Amino acid sequence: MNSSRKLKPSDFSRRDYTYWQQVSTRWVDNDVYGHINNAVYFSYIDSVVNQFLIEYQLLDLEKSEVIGVVAQSQCRFFQSLSYPGVVDCGLRVRHLGKTSVSYEVGMFEQDKEAVAAVGGFTHVFVDRSQHRPRPLSELMRSAFSTLA
Amino acid sequence: MNSSRKLKPSDFSRRDYTYWQQVSTRWVDNDVYGHINNAVYFSYIDSVVNQFLIEYQLLDLEKSEVIGVVAQSQCRFFQSLSYPGVVDCGLRVRHLGKTSVSYEVGMFEQDKEAVAAVGGFTHVFVDRSQHRPRPLSELMRSAFSTLA
Amino acid sequence: MNSSRKLKPSDFSRRDYTYWQQVSTRWVDNDVYGHINNAVYFSYIDSVVNQFLIEYQLLDLEKSEVIGVVAQSQCRFFQSLSYPGVVDCGLRVRHLGKTSVSYEVGMFEQDKEAVAAVGGFTHVFVDRSQHRPRPLSELMRSAFSTLA
Amino acid sequence: MNSSRKLKPSDFSRRDYTYWQQVSTRWVDNDVYGHINNAVYFSYIDSVVNQFLIEYQLLDLEKSEVIGVVAQSQCRFFQSLSYPGVVDCGLRVRHLGKTSVSYEVGMFEQDKEAVAAVGGFTHVFVDRSQHRPRPLSELMRSAFSTLA
(Lines give C-alpha, C1' and ligand atoms only; values in the text may rest on other atoms or scores of the structure.)
Protein backbone atom coordinates (compact mmCIF):
# COMPACT_ATOMS: atom_id res chain seq x y z
CA MET A 1 0.00 0.00 0.00
CA ASN A 2 1.21 3.42 -0.92
CA SER A 3 0.35 5.65 1.98
CA SER A 4 1.00 8.89 0.08
CA ARG A 5 -2.48 8.89 -1.44
CA LYS A 6 -5.79 8.60 0.31
CA LEU A 7 -7.02 5.04 -0.15
CA LYS A 8 -10.69 4.18 -0.45
CA PRO A 9 -12.50 0.87 0.12
CA SER A 10 -13.34 0.81 -3.59
CA ASP A 11 -9.60 0.52 -4.33
CA PHE A 12 -9.82 -3.07 -3.07
CA SER A 13 -11.95 -5.97 -4.23
CA ARG A 14 -12.31 -9.63 -3.27
CA ARG A 15 -11.08 -10.41 -6.81
CA ASP A 16 -7.68 -8.96 -5.96
CA TYR A 17 -6.88 -11.92 -3.76
CA THR A 18 -6.38 -15.56 -4.69
CA TYR A 19 -5.37 -17.13 -1.38
CA TRP A 20 -8.03 -17.07 1.35
CA GLN A 21 -8.41 -17.99 4.98
CA GLN A 22 -11.17 -17.53 7.49
CA VAL A 23 -10.40 -16.19 10.95
CA SER A 24 -12.96 -16.66 13.72
CA THR A 25 -13.30 -13.56 15.89
CA ARG A 26 -13.15 -13.85 19.68
CA TRP A 27 -15.05 -12.20 22.49
CA VAL A 28 -11.82 -10.66 23.77
CA ASP A 29 -11.14 -9.08 20.33
CA ASN A 30 -13.91 -6.54 20.92
CA ASP A 31 -12.88 -3.40 22.72
CA VAL A 32 -15.03 -1.31 25.01
CA TYR A 33 -16.80 0.23 22.00
CA GLY A 34 -17.87 -3.22 20.79
CA HIS A 35 -15.52 -3.31 17.79
CA ILE A 36 -12.46 -5.39 17.04
CA ASN A 37 -9.46 -3.64 18.55
CA ASN A 38 -7.01 -2.25 15.97
CA ALA A 39 -4.06 -4.32 17.28
CA VAL A 40 -6.04 -7.52 16.79
CA TYR A 41 -6.18 -7.08 13.00
CA PHE A 42 -2.41 -7.58 12.95
CA SER A 43 -2.84 -10.93 14.68
CA TYR A 44 -5.21 -11.92 11.85
CA ILE A 45 -2.69 -10.73 9.26
CA ASP A 46 0.27 -12.68 10.57
CA SER A 47 -1.83 -15.77 11.18
CA VAL A 48 -2.83 -15.79 7.52
CA VAL A 49 0.70 -15.13 6.25
CA ASN A 50 2.37 -17.74 8.43
CA GLN A 51 -0.25 -20.36 7.62
CA PHE A 52 0.46 -19.75 3.94
CA LEU A 53 4.19 -20.18 4.60
CA ILE A 54 3.60 -23.40 6.54
CA GLU A 55 1.15 -24.87 4.00
CA TYR A 56 3.58 -24.21 1.17
CA GLN A 57 6.42 -25.69 3.24
CA LEU A 58 8.34 -22.43 3.20
CA LEU A 59 8.48 -22.39 7.00
CA ASP A 60 8.89 -25.05 9.65
CA LEU A 61 8.47 -23.45 13.06
CA GLU A 62 10.95 -25.79 14.71
CA LYS A 63 13.49 -26.55 12.02
CA SER A 64 13.70 -23.75 9.46
CA GLU A 65 17.12 -22.11 9.45
CA VAL A 66 15.72 -19.10 7.66
CA ILE A 67 12.85 -17.28 9.35
CA GLY A 68 10.86 -14.18 8.52
CA VAL A 69 11.30 -11.12 10.71
CA VAL A 70 8.76 -8.31 10.50
CA ALA A 71 10.44 -5.05 9.46
CA GLN A 72 7.35 -2.85 9.19
CA SER A 73 3.61 -3.22 9.20
CA GLN A 74 0.59 -1.03 8.49
CA CYS A 75 -3.18 -1.21 8.33
CA ARG A 76 -6.00 0.97 7.06
CA PHE A 77 -9.41 0.63 8.69
CA PHE A 78 -12.48 1.42 6.58
CA GLN A 79 -15.34 -0.29 8.37
CA SER A 80 -15.35 -1.70 11.88
CA LEU A 81 -15.70 -5.44 12.43
CA SER A 82 -17.10 -7.12 15.53
CA TYR A 83 -17.29 -10.41 17.38
CA PRO A 84 -19.15 -12.67 16.85
CA GLY A 85 -18.46 -13.66 13.27
CA VAL A 86 -15.85 -14.76 10.84
CA VAL A 87 -13.44 -12.57 8.86
CA ASP A 88 -12.57 -13.54 5.30
CA CYS A 89 -8.90 -12.76 4.77
CA GLY A 90 -7.41 -12.56 1.28
CA LEU A 91 -3.65 -12.54 0.81
CA ARG A 92 -1.52 -11.14 -1.99
CA VAL A 93 2.11 -10.16 -2.44
CA ARG A 94 2.73 -6.47 -3.09
CA HIS A 95 6.50 -6.45 -3.47
CA LEU A 96 9.13 -9.11 -3.87
CA GLY A 97 12.67 -8.04 -2.99
CA LYS A 98 15.98 -9.86 -2.86
CA THR A 99 15.71 -10.76 0.82
CA SER A 100 12.22 -9.55 1.62
CA VAL A 101 8.57 -9.79 0.68
CA SER A 102 5.68 -7.41 1.38
CA TYR A 103 2.27 -8.97 1.93
CA GLU A 104 -1.14 -7.38 1.80
CA VAL A 105 -4.19 -8.85 3.51
CA GLY A 106 -7.70 -7.66 2.64
CA MET A 107 -10.19 -8.31 5.43
CA PHE A 108 -13.88 -8.68 4.64
CA GLU A 109 -16.96 -9.35 6.70
CA GLN A 110 -18.47 -12.67 5.63
CA ASP A 111 -20.74 -12.31 2.57
CA LYS A 112 -19.91 -8.62 2.22
CA GLU A 113 -18.29 -7.23 -0.91
CA ALA A 114 -16.80 -4.04 0.56
CA VAL A 115 -13.44 -4.38 2.25
CA ALA A 116 -13.40 -3.64 6.00
CA ALA A 117 -9.63 -3.24 6.46
CA VAL A 118 -6.46 -3.67 4.44
CA GLY A 119 -3.13 -4.28 6.13
CA GLY A 120 0.17 -5.94 5.65
CA PHE A 121 3.78 -6.22 6.59
CA THR A 122 7.25 -6.75 5.21
CA HIS A 123 9.07 -9.95 6.07
CA VAL A 124 12.84 -9.86 5.88
CA PHE A 125 14.22 -13.38 5.74
CA VAL A 126 17.18 -13.95 8.05
CA ASP A 127 19.12 -16.84 9.48
CA ARG A 128 17.60 -17.91 12.77
CA SER A 129 20.67 -17.53 14.95
CA GLN A 130 22.39 -14.36 13.71
CA HIS A 131 19.45 -12.56 12.12
CA ARG A 132 21.44 -11.72 8.97
CA PRO A 133 19.38 -11.22 5.78
CA ARG A 134 19.26 -14.16 3.38
CA PRO A 135 18.18 -14.17 -0.26
CA LEU A 136 14.76 -15.72 -0.91
CA SER A 137 14.98 -19.35 -2.01
CA GLU A 138 13.68 -20.33 -5.44
CA LEU A 139 10.85 -22.19 -3.67
CA MET A 140 9.81 -18.98 -1.93
CA ARG A 141 10.12 -16.89 -5.05
CA SER A 142 7.96 -19.34 -6.94
CA ALA A 143 5.30 -19.57 -4.21
CA PHE A 144 5.13 -15.81 -3.70
CA SER A 145 4.79 -15.16 -7.41
CA THR A 146 1.51 -17.10 -7.38
CA LEU A 147 0.22 -14.44 -4.97
CA ALA A 148 1.42 -11.41 -6.92
CA MET B 1 -15.67 -30.35 36.74
CA ASN B 2 -15.00 -31.76 40.14
CA SER B 3 -11.38 -31.02 40.88
CA SER B 4 -11.19 -33.32 43.91
CA ARG B 5 -10.47 -36.36 41.74
CA LYS B 6 -7.82 -36.76 39.11
CA LEU B 7 -9.50 -36.34 35.72
CA LYS B 8 -8.34 -38.25 32.67
CA PRO B 9 -8.90 -37.52 28.97
CA SER B 10 -11.01 -40.68 28.76
CA ASP B 11 -13.51 -39.04 31.15
CA PHE B 12 -14.54 -36.82 28.22
CA SER B 13 -15.87 -37.68 24.79
CA ARG B 14 -17.06 -35.74 21.76
CA ARG B 15 -20.46 -37.35 22.38
CA ASP B 16 -20.78 -35.42 25.66
CA TYR B 17 -21.33 -32.18 23.77
CA THR B 18 -24.22 -31.17 21.52
CA TYR B 19 -23.36 -27.53 20.69
CA TRP B 20 -20.18 -27.03 18.66
CA GLN B 21 -18.07 -24.22 17.35
CA GLN B 22 -14.75 -24.08 15.57
CA VAL B 23 -12.08 -21.66 16.70
CA SER B 24 -9.22 -20.84 14.35
CA THR B 25 -5.89 -20.65 16.15
CA ARG B 26 -3.57 -17.68 15.62
CA TRP B 27 0.16 -17.33 15.27
CA VAL B 28 0.28 -15.22 18.44
CA ASP B 29 -1.51 -17.99 20.41
CA ASN B 30 1.67 -20.09 20.34
CA ASP B 31 4.10 -19.46 23.15
CA VAL B 32 7.84 -19.79 22.98
CA TYR B 33 7.57 -23.59 23.25
CA GLY B 34 5.38 -23.70 20.13
CA HIS B 35 2.13 -24.56 21.98
CA ILE B 36 -1.04 -22.60 22.57
CA ASN B 37 -0.54 -20.53 25.73
CA ASN B 38 -2.69 -21.62 28.66
CA ALA B 39 -4.41 -18.22 28.98
CA VAL B 40 -5.55 -18.39 25.36
CA TYR B 41 -7.78 -21.43 26.00
CA PHE B 42 -9.94 -19.19 28.17
CA SER B 43 -10.42 -16.83 25.24
CA TYR B 44 -11.69 -19.82 23.22
CA ILE B 45 -14.02 -20.80 26.06
CA ASP B 46 -15.68 -17.43 26.49
CA SER B 47 -15.95 -16.92 22.74
CA VAL B 48 -17.92 -20.15 22.44
CA VAL B 49 -20.15 -19.41 25.43
CA ASN B 50 -20.95 -15.85 24.40
CA GLN B 51 -21.63 -16.84 20.82
CA PHE B 52 -24.13 -19.38 22.14
CA LEU B 53 -25.78 -16.68 24.26
CA ILE B 54 -25.95 -14.31 21.29
CA GLU B 55 -27.24 -16.94 18.84
CA TYR B 56 -30.01 -17.94 21.26
CA GLN B 57 -30.82 -14.26 21.85
CA LEU B 58 -30.00 -14.52 25.53
CA LEU B 59 -27.49 -11.69 25.25
CA ASP B 60 -27.41 -8.46 23.28
CA LEU B 61 -24.03 -6.81 23.80
CA GLU B 62 -25.45 -3.31 23.57
CA LYS B 63 -28.92 -3.58 25.00
CA SER B 64 -29.20 -6.45 27.49
CA GLU B 65 -30.01 -5.22 30.97
CA VAL B 66 -28.85 -8.50 32.45
CA ILE B 67 -25.28 -9.57 31.68
CA GLY B 68 -23.13 -12.51 32.71
CA VAL B 69 -20.19 -11.87 35.00
CA VAL B 70 -17.51 -14.55 35.38
CA ALA B 71 -17.24 -15.66 39.02
CA GLN B 72 -14.70 -18.44 38.59
CA SER B 73 -13.03 -20.36 35.80
CA GLN B 74 -10.81 -23.40 35.46
CA CYS B 75 -9.14 -25.54 32.81
CA ARG B 76 -7.41 -28.87 32.66
CA PHE B 77 -4.80 -29.42 29.96
CA PHE B 78 -4.26 -32.98 28.70
CA GLN B 79 -2.59 -32.57 25.33
CA SER B 80 -1.00 -29.45 23.91
CA LEU B 81 -2.53 -27.74 20.88
CA SER B 82 -0.68 -25.58 18.36
CA TYR B 83 -1.16 -23.02 15.63
CA PRO B 84 -1.84 -23.54 12.77
CA GLY B 85 -5.12 -25.38 12.89
CA VAL B 86 -8.67 -25.31 14.10
CA VAL B 87 -9.97 -26.30 17.54
CA ASP B 88 -13.34 -28.05 17.79
CA CYS B 89 -15.07 -26.71 20.90
CA GLY B 90 -18.05 -28.54 22.41
CA LEU B 91 -20.21 -26.81 25.00
CA ARG B 92 -22.39 -28.24 27.75
CA VAL B 93 -23.92 -26.95 30.96
CA ARG B 94 -22.64 -28.55 34.13
CA HIS B 95 -24.74 -26.78 36.73
CA LEU B 96 -27.79 -24.56 36.60
CA GLY B 97 -28.37 -22.42 39.67
CA LYS B 98 -30.91 -19.77 40.55
CA THR B 99 -28.81 -16.84 39.30
CA SER B 100 -25.87 -18.66 37.75
CA VAL B 101 -24.83 -21.27 35.23
CA SER B 102 -21.61 -23.28 34.96
CA TYR B 103 -20.42 -24.13 31.48
CA GLU B 104 -17.94 -26.75 30.35
CA VAL B 105 -16.09 -26.60 27.04
CA GLY B 106 -14.28 -29.64 25.67
CA MET B 107 -11.54 -28.70 23.22
CA PHE B 108 -10.44 -31.18 20.56
CA GLU B 109 -7.91 -31.11 17.77
CA GLN B 110 -9.71 -31.39 14.44
CA ASP B 111 -10.42 -35.04 13.51
CA LYS B 112 -9.06 -36.31 16.82
CA GLU B 113 -11.20 -38.25 19.26
CA ALA B 114 -9.19 -37.62 22.44
CA VAL B 115 -9.90 -34.41 24.26
CA ALA B 116 -6.99 -31.92 24.43
CA ALA B 117 -8.32 -29.67 27.20
CA VAL B 118 -11.49 -29.22 29.24
CA GLY B 119 -12.33 -25.91 30.84
CA GLY B 120 -15.22 -23.78 31.88
CA PHE B 121 -16.53 -20.99 34.00
CA THR B 122 -19.47 -19.88 36.09
CA HIS B 123 -21.55 -16.97 34.88
CA VAL B 124 -23.50 -15.06 37.50
CA PHE B 125 -26.22 -13.01 35.85
CA VAL B 126 -26.46 -9.46 37.16
CA ASP B 127 -28.07 -6.20 36.19
CA ARG B 128 -25.70 -4.21 34.04
CA SER B 129 -25.55 -1.05 36.15
CA GLN B 130 -25.48 -2.26 39.76
CA HIS B 131 -24.08 -5.78 39.26
CA ARG B 132 -26.71 -7.32 41.56
CA PRO B 133 -27.56 -10.99 40.89
CA ARG B 134 -30.72 -11.65 38.92
CA PRO B 135 -32.64 -14.93 38.58
CA LEU B 136 -32.25 -16.67 35.22
CA SER B 137 -35.09 -15.93 32.83
CA GLU B 138 -37.29 -18.77 31.59
CA LEU B 139 -35.74 -18.29 28.15
CA MET B 140 -32.26 -18.86 29.61
CA ARG B 141 -33.37 -21.80 31.69
CA SER B 142 -34.91 -23.40 28.65
CA ALA B 143 -31.90 -22.77 26.40
CA PHE B 144 -29.38 -24.00 28.98
CA SER B 145 -31.35 -27.15 29.63
CA THR B 146 -30.78 -28.16 25.99
CA LEU B 147 -27.06 -28.17 26.82
CA ALA B 148 -27.29 -30.13 30.07
CA MET C 1 -7.12 -23.11 46.26
CA ASN C 2 -9.58 -25.68 47.42
CA SER C 3 -12.65 -25.25 45.27
CA SER C 4 -14.89 -27.36 47.49
CA ARG C 5 -15.67 -24.46 49.82
CA LYS C 6 -16.92 -21.03 48.92
CA LEU C 7 -13.98 -18.64 49.07
CA LYS C 8 -14.34 -15.02 50.12
CA PRO C 9 -12.06 -12.05 49.46
CA SER C 10 -11.35 -11.89 53.20
CA ASP C 11 -9.68 -15.31 52.92
CA PHE C 12 -6.80 -13.55 51.16
CA SER C 13 -4.54 -10.71 52.29
CA ARG C 14 -1.59 -8.85 50.85
CA ARG C 15 0.42 -10.27 53.77
CA ASP C 16 -0.01 -13.78 52.35
CA TYR C 17 2.40 -13.01 49.54
CA THR C 18 6.12 -12.26 49.70
CA TYR C 19 7.06 -12.02 46.02
CA TRP C 20 5.45 -9.16 44.10
CA GLN C 21 5.26 -7.83 40.57
CA GLN C 22 3.30 -5.08 38.94
CA VAL C 23 1.47 -5.69 35.69
CA SER C 24 0.36 -2.71 33.62
CA THR C 25 -3.11 -3.19 32.15
CA ARG C 26 -3.75 -2.55 28.47
CA TRP C 27 -6.59 -0.97 26.53
CA VAL C 28 -7.25 -4.27 24.78
CA ASP C 29 -7.60 -6.07 28.15
CA ASN C 30 -10.97 -4.40 28.71
CA ASP C 31 -13.94 -6.20 27.29
CA VAL C 32 -17.12 -4.64 26.00
CA TYR C 33 -18.36 -4.10 29.57
CA GLY C 34 -15.26 -2.05 30.41
CA HIS C 35 -13.66 -4.69 32.65
CA ILE C 36 -10.56 -6.82 32.26
CA ASN C 37 -11.57 -9.95 30.36
CA ASN C 38 -11.38 -13.13 32.44
CA ALA C 39 -8.86 -14.82 30.12
CA VAL C 40 -6.46 -11.92 30.52
CA TYR C 41 -5.96 -12.60 34.25
CA PHE C 42 -4.27 -15.85 33.27
CA SER C 43 -1.78 -13.91 31.16
CA TYR C 44 -0.94 -11.87 34.27
CA ILE C 45 -0.56 -15.06 36.31
CA ASP C 46 1.85 -16.80 33.99
CA SER C 47 3.84 -13.62 33.40
CA VAL C 48 4.43 -13.33 37.15
CA VAL C 49 5.32 -17.00 37.59
CA ASN C 50 7.69 -17.17 34.64
CA GLN C 51 9.41 -13.94 35.62
CA PHE C 52 10.02 -15.45 39.05
CA LEU C 53 11.48 -18.58 37.42
CA ILE C 54 13.72 -16.51 35.16
CA GLU C 55 14.89 -14.15 37.95
CA TYR C 56 15.80 -17.10 40.15
CA GLN C 57 17.56 -18.76 37.22
CA LEU C 58 15.23 -21.74 37.33
CA LEU C 59 14.28 -21.24 33.69
CA ASP C 60 16.19 -20.16 30.60
CA LEU C 61 13.76 -19.80 27.71
CA GLU C 62 16.28 -20.89 25.14
CA LYS C 63 18.49 -23.37 26.95
CA SER C 64 16.62 -25.06 29.80
CA GLU C 65 16.27 -28.78 29.21
CA VAL C 66 13.52 -28.95 31.80
CA ILE C 67 10.50 -26.73 31.23
CA GLY C 68 7.21 -26.23 33.05
CA VAL C 69 4.03 -27.39 31.38
CA VAL C 70 0.67 -26.16 32.70
CA ALA C 71 -1.49 -29.10 33.81
CA GLN C 72 -4.44 -27.18 35.22
CA SER C 73 -5.33 -23.60 36.09
CA GLN C 74 -8.13 -21.81 37.88
CA CYS C 75 -9.16 -18.33 38.96
CA ARG C 76 -11.75 -16.81 41.23
CA PHE C 77 -12.97 -13.29 40.48
CA PHE C 78 -14.17 -11.15 43.39
CA GLN C 79 -14.01 -7.59 42.11
CA SER C 80 -13.61 -6.45 38.53
CA LEU C 81 -10.44 -4.63 37.44
CA SER C 82 -10.15 -2.19 34.55
CA TYR C 83 -7.67 -0.47 32.27
CA PRO C 84 -6.08 1.99 32.85
CA GLY C 85 -4.09 1.10 35.93
CA VAL C 86 -1.60 -1.28 37.41
CA VAL C 87 -2.32 -4.63 39.07
CA ASP C 88 -0.24 -5.68 42.08
CA CYS C 89 0.39 -9.40 41.79
CA GLY C 90 1.57 -11.42 44.81
CA LEU C 91 2.89 -14.95 44.30
CA ARG C 92 3.02 -17.89 46.68
CA VAL C 93 3.41 -21.63 46.36
CA ARG C 94 0.43 -23.69 47.45
CA HIS C 95 1.74 -27.20 46.89
CA LEU C 96 5.14 -28.67 46.16
CA GLY C 97 5.09 -32.15 44.64
CA LYS C 98 7.80 -34.45 43.36
CA THR C 99 7.61 -33.25 39.75
CA SER C 100 5.17 -30.38 40.09
CA VAL C 101 4.42 -27.13 41.85
CA SER C 102 1.13 -25.26 42.30
CA TYR C 103 1.28 -21.48 42.36
CA GLU C 104 -1.26 -18.99 43.61
CA VAL C 105 -1.33 -15.36 42.50
CA GLY C 106 -3.34 -12.77 44.41
CA MET C 107 -4.26 -9.78 42.25
CA PHE C 108 -4.95 -6.42 43.87
CA GLU C 109 -5.87 -3.01 42.56
CA GLN C 110 -3.07 -0.58 43.38
CA ASP C 111 -3.37 0.83 46.94
CA LYS C 112 -6.37 -1.37 47.69
CA GLU C 113 -6.33 -3.91 50.50
CA ALA C 114 -9.11 -6.19 49.27
CA VAL C 115 -8.13 -8.84 46.77
CA ALA C 116 -9.72 -8.51 43.31
CA ALA C 117 -8.96 -12.00 42.01
CA VAL C 118 -7.02 -15.08 43.06
CA GLY C 119 -5.81 -17.60 40.52
CA GLY C 120 -3.08 -20.06 39.87
CA PHE C 121 -1.88 -23.09 38.03
CA THR C 122 0.09 -26.29 38.38
CA HIS C 123 3.38 -26.61 36.56
CA VAL C 124 4.59 -30.10 35.80
CA PHE C 125 8.27 -30.07 34.98
CA VAL C 126 9.19 -32.14 31.96
CA ASP C 127 12.12 -32.58 29.61
CA ARG C 128 11.76 -30.25 26.66
CA SER C 129 11.88 -32.82 23.88
CA GLN C 130 9.87 -35.79 25.19
CA HIS C 131 7.67 -34.04 27.74
CA ARG C 132 8.33 -36.71 30.39
CA PRO C 133 7.99 -35.57 34.04
CA ARG C 134 11.23 -34.77 35.85
CA PRO C 135 11.79 -34.39 39.60
CA LEU C 136 12.24 -30.82 40.80
CA SER C 137 15.90 -29.84 41.17
CA GLU C 138 17.25 -28.88 44.58
CA LEU C 139 17.56 -25.31 43.30
CA MET C 140 13.87 -25.25 42.44
CA ARG C 141 12.83 -26.87 45.69
CA SER C 142 14.82 -24.31 47.62
CA ALA C 143 13.48 -21.33 45.64
CA PHE C 144 9.86 -22.48 45.85
CA SER C 145 10.09 -23.06 49.58
CA THR C 146 10.78 -19.33 50.03
CA LEU C 147 7.33 -18.75 48.52
CA ALA C 148 5.45 -21.32 50.58
CA MET D 1 6.22 8.87 10.03
CA ASN D 2 6.81 9.35 6.36
CA SER D 3 7.11 5.90 4.87
CA SER D 4 8.51 7.11 1.57
CA ARG D 5 12.06 7.24 2.91
CA LYS D 6 13.98 4.51 4.68
CA LEU D 7 13.92 5.31 8.40
CA LYS D 8 16.81 4.45 10.68
CA PRO D 9 16.87 4.05 14.48
CA SER D 10 19.11 7.11 14.66
CA ASP D 11 16.21 9.19 13.30
CA PHE D 12 14.58 8.78 16.73
CA SER D 13 15.79 9.73 20.19
CA ARG D 14 14.37 9.57 23.71
CA ARG D 15 14.55 13.38 23.69
CA ASP D 16 11.88 13.51 20.98
CA TYR D 17 9.24 12.47 23.48
CA THR D 18 7.92 14.33 26.51
CA TYR D 19 5.10 12.05 27.70
CA TRP D 20 6.19 8.61 28.94
CA GLN D 21 4.65 5.40 30.15
CA GLN D 22 6.05 2.03 31.03
CA VAL D 23 4.44 -1.11 29.70
CA SER D 24 5.24 -4.43 31.36
CA THR D 25 5.71 -7.23 28.86
CA ARG D 26 3.90 -10.55 29.28
CA TRP D 27 4.87 -14.15 28.74
CA VAL D 28 2.21 -14.49 26.06
CA ASP D 29 3.65 -11.50 24.15
CA ASN D 30 6.63 -13.61 23.05
CA ASP D 31 6.14 -15.58 19.89
CA VAL D 32 7.72 -18.89 19.05
CA TYR D 33 11.03 -17.17 18.23
CA GLY D 34 11.20 -15.66 21.72
CA HIS D 35 10.44 -12.08 20.62
CA ILE D 36 7.47 -9.83 21.18
CA ASN D 37 4.96 -10.51 18.41
CA ASN D 38 4.51 -7.63 15.96
CA ALA D 39 0.76 -7.27 16.67
CA VAL D 40 1.46 -6.81 20.37
CA TYR D 41 3.33 -3.53 19.79
CA PHE D 42 0.04 -2.02 18.66
CA SER D 43 -1.54 -2.97 21.97
CA TYR D 44 1.28 -1.03 23.70
CA ILE D 45 0.69 1.93 21.41
CA ASP D 46 -3.03 2.26 22.00
CA SER D 47 -2.65 1.67 25.73
CA VAL D 48 -0.27 4.62 25.93
CA VAL D 49 -2.43 6.89 23.78
CA ASN D 50 -5.69 6.10 25.56
CA GLN D 51 -4.09 6.49 28.99
CA PHE D 52 -2.93 9.94 27.91
CA LEU D 53 -6.47 10.79 26.77
CA ILE D 54 -7.95 9.55 30.05
CA GLU D 55 -5.35 11.30 32.25
CA TYR D 56 -5.95 14.59 30.47
CA GLN D 57 -9.71 14.07 30.73
CA LEU D 58 -10.13 14.04 26.98
CA LEU D 59 -11.83 10.65 27.12
CA ASP D 60 -14.25 9.02 29.52
CA LEU D 61 -14.78 5.43 28.46
CA GLU D 62 -18.37 5.36 29.65
CA LYS D 63 -19.60 8.88 29.11
CA SER D 64 -17.71 10.62 26.30
CA GLU D 65 -19.98 11.48 23.41
CA VAL D 66 -16.98 11.92 21.15
CA ILE D 67 -14.63 8.95 20.81
CA GLY D 68 -11.50 8.28 18.78
CA VAL D 69 -11.71 5.74 15.97
CA VAL D 70 -8.48 4.38 14.47
CA ALA D 71 -8.29 5.16 10.75
CA GLN D 72 -4.82 3.80 10.04
CA SER D 73 -1.81 2.54 11.95
CA GLN D 74 1.76 1.59 11.21
CA CYS D 75 4.92 0.43 12.95
CA ARG D 76 8.57 0.08 12.08
CA PHE D 77 10.61 -2.57 13.92
CA PHE D 78 14.33 -1.93 14.36
CA GLN D 79 15.34 -4.19 17.22
CA SER D 80 13.39 -7.05 18.73
CA LEU D 81 12.10 -6.81 22.29
CA SER D 82 11.35 -9.75 24.59
CA TYR D 83 9.54 -10.75 27.76
CA PRO D 84 10.51 -10.41 30.58
CA GLY D 85 11.10 -6.71 30.94
CA VAL D 86 9.56 -3.31 30.70
CA VAL D 87 9.18 -1.15 27.58
CA ASP D 88 9.59 2.62 27.88
CA CYS D 89 7.04 4.23 25.60
CA GLY D 90 7.35 7.87 24.57
CA LEU D 91 4.40 9.65 22.95
CA ARG D 92 4.31 12.62 20.61
CA VAL D 93 1.85 14.10 18.17
CA ARG D 94 2.91 14.08 14.54
CA HIS D 95 -0.03 15.77 12.90
CA LEU D 96 -3.02 17.69 14.17
CA GLY D 97 -5.95 17.95 11.75
CA LYS D 98 -9.42 19.42 12.00
CA THR D 99 -11.08 16.20 13.16
CA SER D 100 -8.08 13.93 13.59
CA VAL D 101 -4.71 13.53 15.29
CA SER D 102 -1.76 11.31 14.39
CA TYR D 103 0.28 9.94 17.27
CA GLU D 104 3.76 8.47 17.27
CA VAL D 105 5.06 6.18 19.99
CA GLY D 106 8.77 5.44 20.34
CA MET D 107 9.42 2.14 22.15
CA PHE D 108 12.69 1.62 23.98
CA GLU D 109 14.16 -1.19 26.02
CA GLN D 110 14.67 -0.01 29.59
CA ASP D 111 17.97 1.85 30.03
CA LYS D 112 18.75 1.64 26.32
CA GLU D 113 19.21 4.74 24.19
CA ALA D 114 18.51 3.21 20.77
CA VAL D 115 14.90 2.96 19.76
CA ALA D 116 13.54 -0.57 19.30
CA ALA D 117 10.36 0.27 17.38
CA VAL D 118 8.40 3.34 16.30
CA GLY D 119 4.72 3.14 15.55
CA GLY D 120 1.56 5.14 15.66
CA PHE D 121 -1.94 5.65 14.44
CA THR D 122 -4.44 8.27 13.37
CA HIS D 123 -7.47 8.88 15.55
CA VAL D 124 -10.51 10.37 13.87
CA PHE D 125 -12.85 11.80 16.47
CA VAL D 126 -16.50 10.91 15.89
CA ASP D 127 -19.75 10.99 17.78
CA ARG D 128 -20.26 7.71 19.57
CA SER D 129 -23.62 6.77 18.07
CA GLN D 130 -23.37 7.78 14.41
CA HIS D 131 -19.59 7.74 13.91
CA ARG D 132 -19.63 11.11 12.13
CA PRO D 133 -16.38 13.15 12.34
CA ARG D 134 -16.33 15.93 14.89
CA PRO D 135 -13.89 18.85 15.15
CA LEU D 136 -11.33 18.55 17.94
CA SER D 137 -12.35 20.44 21.05
CA GLU D 138 -10.19 23.31 22.29
CA LEU D 139 -9.25 21.13 25.27
CA MET D 140 -7.95 18.44 22.92
CA ARG D 141 -6.15 20.89 20.69
CA SER D 142 -4.44 22.38 23.70
CA ALA D 143 -3.46 19.01 25.20
CA PHE D 144 -2.16 17.62 21.91
CA SER D 145 -0.10 20.72 21.23
CA THR D 146 1.93 19.96 24.38
CA LEU D 147 2.95 16.71 22.66
CA ALA D 148 3.82 18.21 19.30
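Order as written gives the chain letters A, B, C and D; numbering starts at 1 within each chain.
Note that contacts are C-beta pairs under 8 Å (C-beta built on N, C-alpha and C of every residue); 3 or more make two chains touch, one makes a residue touch a chain.
Note that the structure is predicted; figures quoted are calculated from it, not measured.
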Any idea whether A-C or B-C has more C-beta pairs in contact?
-> B-C
Would you identify the chain whose Cα-based centre sits farthest away from the centre of subunit A?
-> C
Expressed in whole Å, how far the mean CA point of subunit A lies from that of subunit B is 29
Per the C-alpha centroid definition, the whole-Å distance linking subunit B and subunit C comes out as 22
Centre-to-centre distance between subunit C and subunit A (centres being mean Cα positions), rounded to whole Å | 34
Residue numbers of subunit A (touch at least two other chains) = 27-28, 30, 32-34, 37, 39-40, 43, 46, 61
Residues of subunit A touching subunit D in their complex?
-> 3-4, 32-33, 37-43, 45-46, 61, 67, 69-77, 80, 121, 128
Hey, which residues of subunit C end up touching subunit D in the complex?
-> 21-28, 30, 34, 43-44, 46-47, 50-51, 54-55, 61-62, 83-84
State the interface residues of subunit A toward subunit C in the complex, per the touch definition above.
-> 27-28, 30-34, 37, 39-40
